[in-house]
Structures are given as C-alpha cells and as structure tokens.
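When the chains are written out, they are named A, B, C and D in that same order, and each has its own residue count from 1.
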Amino acid sequence: MSPLVGQTINLLAAILLMLSFAMISQRRILSLIHLFTAQGVTLVAATLLVGYATHQPHLYISAGITLALKVILIPLLLHRVIARLDVRWDVETLINIPTTMIIGIALVIFAFNLALPISKLSVSIARGTLGIALACVLLSFMMMITRSKAVPQVIGFLSMENGLFFAATSATYGMPMVVELGIALDVLVGILIFGVFMFHIREQFDSLDIRHLEKLKDD
Amino acid sequence: MIGAALLDAPARWGHLDWALAVVTAWLLIGVAGVFALRRLKLVARVLFPIGGACGLLLFGVALSAIGAPPEASVLPIGLPSLPFHFRLDSLSAFFLLVIGSVSAGVSAFAAGYFRKGEGTPPGLLALEYHLFLASMVLVVLADDAYAFMVMWETMALSSFFLVTANHRIVEIQRAGYIYLLVAHVGAIGILLCFGVLQANTGDYTFANMRALELSPFWASIAFLLALFGFGAKAGLLPLHVWLPEAHPAAPSPVSALMSGVMLKTALYGVLRVLFDLLHMQVWWWGVLLLAVGLATALFGVVFAAAQVDMKRLLAYSSIENIGLMFAGIGLSVLFSAYGMRPMAALALTAVLYHVASHAFFKSLLFVGTGSVLHATGERNLGKLGGLIRFMPWVAWITLLAVLASAGLPPFGGFVSEWLLLQSFLFSPGLPSSFLNMLIPVVAALIALIAALAGYTMVKFFGVIFLGQPREDKLAQAHDASGWERIGMLWLAGGCIGLGLLPVQFIAVIDPVTRILVGAGLGKTVGDGGWLLVPVSIERASYGPAIFLLGVAASFALAFLLVRFFYHGRLRRSPPWDCGYPWQNGRMQDTAEGFGQPIRQIFEPFFRMERELPSPFDTAPHYRVKVGDHFWHWLYLPVARLVKRLADLIGLLQQGRISVYLLYGFLTLVTVLMVVKQ
Amino acid sequence: METLLFVLGIPLFGSLVLAFTGQRDIAREINVAFSLATFIATCVLTGEVISGGPIFAWHREFFIDPLNVFLVTLTAFVGLTTAIFSRPYMRIERDHGKMTPTRLRLYHSMYQLFSCTMLVALTTNNLGILWVAMEAATLTTVLLVSVYRTPASLEAAWKYFILCGVGIAQALFGTVLLYMAAEKVVGVDGGALLWTNLAAVKGRLDPGIITLAFAFLFIGYGTKVGLVPMHNWLPDAHAEGPTPVSAVLSGLLLNVAVYALLRCKVLTDGALESNLAGQLMMGFGLLSVVIAAFFLSRQKDVKRMFAYSSIEHMGLITFAFGMGGPIATYAGLLHMTVHSLIKSAIFFAVGHATQKAGTQIMSDIRGLIKVSPTVGWGMMLGSLAILGMPPFGVFASEFLILTTAMREQPWATPFLLLALGVAFAAVFSRVQPMVFGETTVKPLAHPPALLPVFIHLGLGLMLGLYIPPYLDAWYRQAARLMMGA
Amino acid sequence: MTRLGVVSQLLEIGLALLLAPLLSGWINQCRAWLQNKSAPGFLQPYRLLHKLFNKESVVAEHASPLFRSAPYIVFGCMALACAIVPTLSTDLPLSPAADAIALVGLFALARVFISLAAMDIGTSFGTLGARREMLIGFLAEPALLMVLFSASLISKSTSLTTIVETLAHRDMAIYPSLAFAGVAFTMVSLAENARVPVDNPATHLELTMIHEALILEYSGRHLALLEWAASLKLFAYSCTGLALFFPWGVAEAEAPLALLVAMPMLVLKLAIGGALLAFLETLSAKMRIFRVPEFLATAFLLAVIGLLVNILVGA
C-alpha cells in the first residue's frame, strides 16, 4: 500500500484534534453541533480509509454505523432538542477560553508522550494516531468540565465517544463486531435518554443550566 | 439403645463437655424466654432459678477442672478453615469458677428482682441475660482468635442490650452508646493484637500462637494492642468513661454481672495473652502496667469517694479494683521478666484472689443497691438513709460486702491486699535499682488507695443505711424478697469464705499460677495449717480464722463479764446530740459533705462546677457537680477534631457536577503519571 | 448452555412483558415470578457447574467459572428478595401517589432489564461485552433512579449518568488498549477480547500497554465501584431513587463493578511482575474507607448514610483484593457476599421505616421498635451487622482482612482502626435513637414485607458462624483463580 | 506453741488490759504537772470506768443493733491488737495470726465500726465526727503501714515478732530510715489517739472535736468500753513504737526468766514514753481541722522517705 494512505490518516487525525480544540474554544451551541458533525464525518472518513487500506470489511460496517449515528441521527436529534427548548444562545464557560486552550495543549503533550512508547507496538498502520485519539478523549473530558450547560456537556460526552472510536480504529482496526454494535446501541439509548432528560430538566428547573443541579450536596 | 447411650453419656463426659452443656442449657433458657415473652411469672420464677442452678453446676465443674489436665474440643461451626476451638485449662477453669459462682447468686437474686414495666419485655431480658452468661463462659473457653472475638463481641452486644433495657430514657441510650462504642474500638484493638500474634501463618488457633516465637518488637506491639483492647473493656484510664455511665443505667443484676464478672474477662484476656500466648515478658511492660493500674486505681477511688449516686460510686470503686489487679499483674510481669518465678507467682496469686473476692463483694453490693432502688426508687444518696431499720436483711448482708470491699480483715478483700503488699515487700532484690526505688512509692500508693476505699465504703453504707431517713417515703421501704435474699446470702457466703479460708482457696488456684508463671504458693502456703504463709512463717503469716476468733472471743468475754460484774440495763431515749433538741434527717452529713474532704485534698483530680448561694437568695441552695477531666481533655477534643475533619472532607461534596468531573479527571491524570514511572 | 439461555433470557423477556403490563396490580406479582424463575434457572446453572465444571457457550463468548457463578446466584437471589420487598413497597408508594401507572411500568420493566444486564456482565467472557453490559446497567439504573421525576431525583440521575458515563468511557479506552496488546499475541481473529484467551497468554502481554490499560480500566470501573474520589454519584443516586433500587444498587451493581475490576486485575498481575494493580487498589480502597467514614459522621438522610457505608465497604473489599494472598482474597469475596446481603436487608428495613415516618431525615424518625418491633429489630441488627459486629458474616471477613493487614500492610492498620471507629460512632449514634426511645412514626396500611430482611440477616448470621462446604469450595477456587493459578 | 508461750501470751494481754487505763492516767498526771494544774491522780481512769459500768446506758430510740455492738467490737479489736504486739515476749501464739499489715487492718476495722456506729444515730455531730475520723484514718493508716514497712524491710519480714527479734539483736547501728520512721510514727500515733495537736481529748467543743464527737451518743457501759478501748489503743500504739524503736528487754522464746526482766522494763519504757507524750502535748497547740490533712500527709511523706532511704542506703 502507498505511504499516501498512512499520511492521509495522520492528516485526518490532525483534523480531528483540531476539531476538538475548536469545540473547546467554541461558544455557540449551534456551531458546537456543527463541529461535532464534522468530527463524525472525519471519523467516518478515517475508518473507511483504514478499512480500504487493510481490506477489513467490518470497518466499513462500523463506518456506516458511525455515519448513521454520529453524522446523521445525533446531530438531527440535537438540532431538534435545541429547537424545541430554544437554547441557541451563547455558552459561557466556567474557565475562560485562553486558559482552557493552554491546558488543552499541555494535555495533548501529556497524551502524546503517554501514547508514544506503546503506539510503536501497534500492528495498525494508523499507530501514530493513538496519541491523538487519547488527546481527543482528554480534551472532550476537559470540555465537559468547563461547560455549565447541559447540551454542551452532552456534546462533550459524545465527542469523547468519537475519540474512543478513533482510538479503536487506529490502534486495533476496530473492536469485534459484537462490541461495536453493543457500543453503538448504548450510545443510541444514551442519547435518547439525554434527550428525554433535557425536557424533564427543562420543565423542572425551566432552564438547562446545570448550575441548578447543585442542590444535592453534603451540607 | 441410643437412649441408653444418651443416658450413660454424661458419665463419660469431661469437664469441658459439662461446661459446654451448661452453656447450651443457658442458651435454651434464653430461647424459652423468647417464647414466654411477656409472662413475667414464668420467666422470673422458673427460668432464672434454673439458670442459677446451671451456674452452680458450672461452679462445681470448674472446681474439679482447675487441677485437672487441659481438655480441648472443636465445634463444627466457625470459619471453614477455622472451626471453633475450645480448651479448658486451669486458667479458664478459675474464671469459670468465678462466673459460675457469682452468676448463681445473681440469677437467684434476679428471679426476685425483675418486675413489670422495665422497657424490654422480661422474656427478651432472659434471652439477653443468659446469652450474656453463655458468651462470657465461651470467651474464657475459646482457644482460637475467631471464636474468642465472636464471643467477646457477643458479650459486649448482649450486655449492651441489657444496659439499654429501659431505652425510653435518653441518658440510658447515651450510656449504652458510649459503652458499645468503647467496647467495639477496644475489640478492634484486640483483633489487631491477634493479627500480630498469628504472624502471617494464617492459623488463628491459640495453639499456633503459643508455638510461634515473636521478635521483641512485634511482641511489644501485641502487648500494647492487648493492653488497649482489654483495657477498654476493663475500664483502665483513660478508657474508663463508659463504666460509670453504663453501670448505673443497667438493671442491678446486670450491673452486678458486668462489674463482678465481665470486667474480669478483660483481665483473663490480658493474662492469656501475656503469660500464655506471648511466653516472654519485658520489664517495661510491667512498669507500664503498674503505672496505668495505679493511676486507674487512685483515680477510681478518689472519684468513688466524691460520688452522690450509689451505683456510680460502686462503678468507680470497680475501676479502682481493676486498677489494683492490673498493678498486681504488672508486678508479676516485672518479677517474671527477671526470672523471679516464686515472687511472680505471689503477685499473681494476689491478683487472682482479688478477682475472686471482688467478684463476690462487688456483685453483692450491686444487688444490694438493686434492692434499695426497688424499695425506694432512689439512686441518689442524698435522698436515702436509715434503711437498716426498714430493710435489715439487705443492710446486714450489704455490711459484709462493705467490710470486704473496704479491705478489712478478716474478709476477702483484705487477703488479696495483704498478698499484694507482701509481694511488694519482697521486691527489693530486683536487679534494677530504679525499680527498687519505684516499689515503695507504689506500695505507699496501694496503702493509700486501700485506706481511701475504706473511707468510700463507710460513706456508702453509712449514708444509705444508717442515720435517719432523709425522705419520708423511705419509711415505706420493703425488705428484699425471698429469692433476692437467697442470692445475696450465697454471695455473702462467698465473701466470708474467701476471707476465712485463704489457705484452702490458694491451694485450689495454685495450678493456675503454675501454668502461667511456672511456680505457685501451693507447697509453702499450707505449712502453718490455718495460717496463710506465702513464703515462710518467719517472714509473714496471717490467720484470719484465729484473728476472727480472737476478736469474737474478746467480744463475748467483754459482753459476759460486763453482764456478770455489773448489769445489762438499757434505756431508750431521744438522741442527745449535745442537747440540741430539734433533730431531723436533713441535719445529717450528706453524701456531698462526706465527699468534701476528698474533693478538697484531691482537688486537681476533679473538674468541679459549684453553685454557691449568695447572701440575698430567698431560697439559698448549694450545688456541686463533679466532672471528669478526661472527658473534657481527651474525648470532647477528639470528637471535635473528628467533626472538624468531617467538615473539611464534607467540602469535597458540594454538588457541582463540573467539580466532580474534575476530580475524576485529575485522578485519571495522576494515576497515569504514577503508572508512567 | 440452555440454562444460561434461560438465565439471561427470562429477565429480558420479563422486561418486555412488563413493558406492557407493568402498570397493572398484577405486575408486582409478575415481577416476583420472573425474578423467581431467574433464580431457579441460576440454581440449576450452579448445579451444572458444581457437577460439570466451567461452562462455555456461544463461541466461548459466555462462560461460567467459580469466580462468577456464586455472584450470578447471589445476584439472582437478591434480585428475587428485592422484588418480593418491592411488592408492598410500591403498593404503598402508589397509594401515596408517588408512583403513577406509567412510572410503575417503567419501574418494573427496567427492574427486569437491569437484572438482565447484570447477569450478562457477570457471565460474559468478552471484555467488550462486559463493558457494554456495564454501560447498559448504568442506563437502566439511571431510569430507575429518576423514576420519581422530582427535581432531586432528576439531579441525582443526571449526575449519575454523566459521571458514570464518563468513567465508563475511560474503561472503554482501557479495553481498547487491552485488545491492542492482546491482538499482537493472539492474532486479529483469535477472539482477543475473550478473557479466557487473555488469561491463557497474560504472561506474554506487553507490560507497557497493560499498565496504561489497567490505569484506564481502574478509573473506569472504579467510578462504578464508587471509589473515592470518583464516588460522588453514589450517595445521590442511592438517596433519591426508590428504596428497592438503592438496595440493588448497593447490593448488586457495586459487586458487578468490583467483579469487572477483578477480571482486569488478574490479567494485569499476570502481565506485570510489579504489584501495580494491588498497590493502586489498596491505596484507593483505604482512601475510600477513611473518607467515607468521615462522611458518615455528617449525614442527616438515612439512605444517604447507608450509601456512604456502602462506599466504605467497597473500599474495604478493594483493599482486601489489593492485598492479595489467599486469606485476603477469600475475605474479600466473603465480604462482597455478606455486604450485599446485609446492606440490601438494611435498605429494606429503611424503606419501610421511611414510609412509616414519611421522611428520610433521621432526626425525624424515632422509636421504631415501639410501632413495629420487627422493622426496629431488623434495622438495629442490620446496622450492627454492617458495622462488623459478630456473629454476623461481615465480622468474619473484617476479622480476616484486619488480621492479615496487621502483618502484611501494618501501615494501613491505624487508618483502618480510625475509620472503623469513626464509622461505628457515626452510624450507631444515629441508628440507636431511630430504633429506641419514644416513637414518632405511625403504623401503615399494608403490612411490610419483612421476610426478605430476616432471610438476609439470617444468611448473614449463618455466614458468620458456618460457611457451607460448597460455598467455601467456590470461594477457594475463585481465590485461586484470582491469584492467577 | 510452747506452754511458756501461752503463759506469756496471757500475761501480756492481761497486763495490757490492766495497764492501759493507768497509762492514760499517767499521761494526764504528767500533763497536769507540766501545766501546773492539780492532778486527779493515776487511778482516775479506773474510777471513771467503774462509774460508767455502774450507770445504765441510754440509747437513742432508733439506734440499730450496730450501734450497740460497736463498742464490744472495738474493744475486741483493741484487745487483740494488744495481744499480738510483742511487748513482753516474742513467743506469742496469737502473733502469727496477724502481722504488721493485719495490725493496721485491725485498727482500721475498729475505726470503721466506730464511725458507722456514730452515723447510726443520725445526729449532726455524729456524722461530722465519723467523717473527720475517716479523714484522719485514710491518711494515718498508710503512713503507719509505711513505718512498719521500713522496719520490716530491715528485718525482711512483716511478722511483728521477727521484726522485734531482729531489731533487738542488731548491733547498735544508726538506721537513718528508722529515724524518719520514728518521727512519722509519732505524728501518726498522735493523730490516731486523738491527742493534741490533732484532737483534744479534754474538750467537748463541738467544732473541733473528733473522737468525742464519735462517742457523743454513748453512755454507761458502752461508753466505758469505748474509753477502755481508747486507752488500749494508746497502749498498743506505744507498745508498737517501743517494739520498733526501743525493742531491748523484750523476752524471747525459751527464756522464762526474761519475762520477769521484761515487765519492769516495759513499765519503765511506758512511763518515759507517756511523760514524753505529755510533754509534746503541752508544748504544741491544737491545729485547725483543715490543717490536719497536711500534718498527716507530712507524716506519710516522711514514712515513704524513710522507706526510700532504707532501700537506697540499705539501712
């Protein structure tokens, strides 16, 4: 196979990382959803590429699942939710953006030097990208920490899932089919429950600001 | 066929089987109590007397087992790799002796004691009571750490439920809470002690622990843990706080058992661990035990002298006696650390003797207060008095216990003090001069404590039973019922017997000291016939029987001669009192007044809150509240510290989901960093 | 194999049935019936395993070995008793108007689904499916916790969802790494996620990857176990959900999470020569014990308090497994069993107590023993048992753990002593006035179901005094398995 | 137990019973002389006893049997005490029955009974006296015990006879410990026998009296027995002191003639001791009741120091 493929995959990985950073820095929910969709698309592309390069048919399937879930279904759901609850406004973060970015960069470095020694051992052609996957996971984790509204938190959670998917693809050509399906099912159910919760929270607290969800404490 | 086998089975039973049979009987009685939950008559008149009879049986068994070779048996319950091991050797037999004899008396008393309306239904009380007895027996019999701990905690638990029998009252709840808390923490200490002793062999039998040789470091750890754990149960300073709370709260027969017997199981534990499992002694263990014991004893007696609640007074006096016993153990450890076995045996004999006599007189005192409590409904000494006229039985029998507990010849308490002082007098001869300097001070302290005990007991008896009634209602006080009298007489018999027959009793407990320190007084003690001779007749001797005879003879002679030469005329009249006409009960010295000199002399011991009347009071009154420094200097600060820590830790959980996520994130990063190396 | 099918199928089918009939009165009985059937199936399964040894099913994707078989039985058993308990409980809740028909339907159906997911998690051989099942269990319990739809319950459910979701995600990353390490050894299509295969080759797995993988798995499943400082979801979820749910959360879900952790630990220990896993578990276990003890001392809500006590005990279990060695591991397994029995019993008693008093605030509950002695004694004995009072089984395991720790990890014993003391002081000082004293609570319309309470307490008592030989054999085999033999 | 032993035992106890009132008489005599008063004469105590025995005894209505039996018990204790302290001979059959510690116990027993009896009537003075008596007791007893201990450390024994024998046979060495012990013993015996400066036997001033307050309610034969017992106590104490500090002249076993020597020796020593006591009493004034604990604590400390010195320098 040509080195081109490997380079392309690395490129896609880089885009993925960039998108995560963009999400951290992004203030508006709508564009967050767009970024998330873009992330999904990149993920699909990467999966297809790996699948094509290594002739692993089941990667096509998982790519299909990803497409269906992360590119079409979930974004649609999110769009409807924010339309129904009309929460298009800007999201103020708990920590200001530049600080977040700096921390993010530190995280990326951390992730890389964690992943470097072990990614050598991988049999995958995309082995170099394991660090990026880890970085994506950590970045979305941080995003969940810094956001104070329900929807962005959910998006952070989902992009963490993306990172994991990408890790699976890059490190091991994806998980066995059963597991892939199971995970996909969980994600689907999860997002549905999220959707339901949004409405309940909204009707209980007439806001999606999770700072209302701080009653249960140990006083 | 089988019937026949069952019939002649008892013939082939060993002592241990009999002991276990008694335990089973007690458990069955308890179960029966559950079925007769609210039928007071049945429970009181049938179940408790049967339990007392079982106690007598146990007494007999122990008496014959004390000299016999050890017996062991294994029950098919417990942990799979660790079934319950039981073993009956002389040490266990001695404590069985105490448990059996005292419980016999107390059960008989309880048969007449329990009345309606005491919170817990009588049947349940019977269950808890007999479970308590059974667990104490099994503690003494246990031969592996697990069985011991299970029985130990069962003992604590059953006694806790007995203490809180009348749980409507908040103070009683509090008392029970403190009691169980201290007991549980102590139990964890004992647990860890066994953890040290088993030394990673994973074999928790005492046999294995005996076989193991520990390094001095680990041995000392084990010793300290044991001292902590058992000290918590025995009420050593500063773990004594539960005792004066729990004893007044409990029904009197229960206080009698707790004070008379349960505290001794802690002593048993210390002896078992120190002399049997850790067959090595280090001299500073002895010094530590001496110091703690004496501090406890002095503290206890001084507080006892200052109390105004009769059961609290007795509780503190129990603390004092326990302290003396621990001091004796310390001396014995000291001697055996330097290989002076006969001296060690002497000190140990003193301890065991005191265990027995204290068991008798203290439980007798407690049941006595029980009768008073029932007759008058008063625990406050300030509201009692003159009861010797309304309840002569209780008064005269209690007087015996009072004399014994004051350490007066020719009663049981004196013998043990005498032996203890003897062993102190023999102590010069210890290689270390520092210790030799220590000993006289210690002896002086013991003498002082004994004298103070006398003071306390005079206060106790005088204020309750003598003088004029301080309340009118006391005139209606009724004397003890039949069963109560039987129980009290049995216990009184014990006090007198221990006082008059020291030679015979020491001959009985000789095997115990032999297995513990490898020496005993058995040979020399009998030399003087009725004289108690610890070492040799030249060095020291004491013949209570002759002593009593002497006093009695001169008493009788004086009586007769006066009648013979002069007359026996007697005239009754109002008291003279320097011609002061208007006498009433309130003019007598009160309990507070009687404690006043002690409070004055030992002021730093107390934490006193006084309410002095001002000259302008229309209704002037004086109140003094005697508090315990340890409570304010140790326990409350610890509680505060825990609270403060808890508040700090509570900040962790302040409800923000982002912060929670941050915790997880940071933990992840840290762990990753850690594993990276 | 068929039996396994029944074990997993019955609750699944039950959830479907109840999804349609759950709002009827009969649903409570149906729920019990399905749980009973599941329990019977697991008993049969157990019999097969005892007679025939480990079972594999469906391309070795599922398997039963000594480690999980007793957990399966325990899960089914507690599931059954909880179902029995929830009959009168839910009836009263409905009378109080806290449960609408729809919610009842959701509750019953999710209850069955939840037990199904846990059984899958226990019986699967595939670490991936294990993860999927754990996640599914989370989702179902989220719905169960939020069933009251009160603000508090929503908040609790949301926190539970987010925190556990994120935690579990870490576990997935760990699983990926594990897969990656295994693939090199086993090969791409060699079932590289099957635990048995991994266990077979664990010596050849790459230490670097495994170390990293375990770190992620530990954080992931540790969150679910409720180890401090990832525990924050646990008290909320326990306190705000219906009491039967709290019972199964404490009694079962935490056990399953510990089980997942153990499976990973075995592999890690095999791959590394260092005792990394053990040290991590000991550290976090001890931390959890101490912190939870202090939390216990400042609780006002009874269910919250017992939730913290669950954290404490999970910490103790983790510590025990971290110490390793035959005795400690044995003790850990015993403690898992007894804790889930006793703790669920306590929650049963607490459930009725709170229903009687109409509040969960402990200072408003007084003198239970007066109104209904059984509830009172159940609560008193249960609390004493969970506090490690013999002759209950909790004491047996704590005895083994502490005595072992005293010589293996002496540094830890002062902390344990402190924590156990504080915990005792905290819990007992609150339970005693609730049970004793003058009463404030009123009798209820429907008789409480106290059979489960006393069955559980009885079993706990039995385990303290006598452990049946076959159970003992299980524990020993499981311990051997866990020490990599 | 030899026949001679029995003889000396009986002789000793008889002597004690007879001489005890005489001793107190003698002390009063001396004091009177020293204070330039006209003395009632040695035999006054006997007359007093006779008078009291003749009188009928008046007892409070609600007095319990304890009240009436106490005098006999106290008397019995004191008689026994005199019997076991080797004054004439060390060959006493009764002596092994009670050693030094038991002797202290004997005094304590008497004290407890007299105090209880005093509380029995329930008058304000009785209870007051009982409290003070016990207060003195719990400080004096240990001090006395310590004194006896330092003697018994020298003689390696607590049996009184052995102590006396060893002390009597030692060569004239200086025993610093015994010096301390002697001072302590003197103070203790002053307190125990209700002498100035602790108590004044010659007063009935309510606020200060101790011993008199105890026996306030007694009359007739009971009072007589108590008075007699008191003088017996004084006698026993003096004999103990003599036995410890001036043991010379006490007869030993198998020495019948020594008894004949011992008696005049004893009388002589008692006379001197009594005179000295009277002298002390005349010199010192009664102290406040609140100072008594300090006085006795000093005695206690001196005794302990004596013990320490003994162990330190081995003498």
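Basically, a residue touches a chain if its C-beta (ideal position, glycine included) is under 8 Å from a C-beta of that chain, and two chains touch if they have at least 3 such contacts.
Please read these numbers as outputs of a predicted model, since none were measured by experiment.
Peer 1: Report which interface contains more C-beta contacts, comparing A-B against B-D.
Peer 2: B-D
Peer 1: Centroid of subunit A to centroid of subunit D, CA atoms only: how many Å?
Peer 2: Spacing between the chain centres: roughly 101 Å.
Peer 1: Could you tell me the distance, in whole angstrom, between the mean C-alpha positions of subunit A and subunit B?
Peer 2: 70
Peer 1: From the C-alpha centre of subunit B to that of subunit D, how far is it in Å?
Peer 2: 36
Peer 1: Averaging over Cα atoms per chain, report the distance between subunit C and subunit D in Å.
Peer 2: One centre to the other, that is 79 Å.
Peer 1: Among the residues of subunit A, which are close enough to touch at least two other chains?
Peer 2: Residues 114, 141, 144, 153, 210, 213-216, 218 of subunit A each touch two or more of the other chains.
Peer 1: Can you list the residues of subunit B that touch 2 or more other chains?
Peer 2: In subunit B, 650, 652-653, 657, 661, 668, 672 touch at least two other chains.
Peer 1: Mark out which residues of subunit D touch at least two other chains, giving numbers and ranges.
Peer 2: none
Peer 1: Pull out all the chain pairs that touch, please.
Peer 2: Per the contact definition above, the touching pairs are A-B, A-C, B-C, B-D.
Peer 1: Quick one: in the complex, what on subunit C touches subunit A?
Peer 2: Contact set of subunit C toward subunit A: 61, 126, 128-129, 131-132, 135-136, 139, 142-143, 146, 149-152, 154-159, 161-162, 165-166, 169-170, 172-173, 175-177, 179-181, 183-184, 188, 191, 193, 206, 208-209, 212, 235-236, 239-240, 295, 298-299.
Peer 1: Show me the residue ranges of subunit A that touch subunit C in the complex, using the header's touch definition.
Peer 2: Residues of subunit A touching subunit C: 114, 117-118, 121-124, 134, 137, 141, 144, 150, 153, 157, 160-161, 164, 167-168, 171-173, 175-176, 178-179, 182-183, 185-186, 189-190, 193-194, 197, 200-201, 204-205, 210, 213-216, 218.
Peer 1: Write out the stretch or stretches of subunit D touching subunit B in their complex.
Peer 2: Contacts found on subunit D: 53-54, 56-64, 66, 69, 72-73, 75-77, 79-80, 83, 94, 96-99, 101-102, 105-106, 108-109, 111-112, 115-116, 119-128, 130-131, 134-135, 137-139, 141-142, 145-146, 149, 152-153, 156-159, 162, 204, 206, 216-217, 220-221, 225, 290, 293, 300, 303-304, 307-308, 311-312.
Peer 1: Any idea which subunit C residues touch subunit B in the complex?
Peer 2: Touch list, subunit C to subunit B: 158-159, 162-163, 166-167, 170, 211-212, 214-216, 218-219, 223, 229-230, 232-233, 235, 276, 280, 291, 294-295, 297-298, 326-327, 369, 384, 387-391, 395-396, 399-400, 402-408, 413, 417, 420-422, 424-425, 428-429, 432-433, 436-438, 464-467, 469, 472.
Peer 1: In their complex, what parts of subunit B are in touch with subunit D?
Peer 2: Against subunit D, subunit B makes touches at 385-386, 388-389, 395, 399, 403, 406-409, 414, 417-418, 421-422, 425, 428, 436-437, 439-441, 443-444, 447-448, 450-452, 454-455, 457-459, 461-463, 466-468, 528, 531, 537-544, 546-547, 550-555, 558-559, 562, 565-567, 569-578, 580, 583, 585, 587-589, 593-594, 596-597, 600-601.
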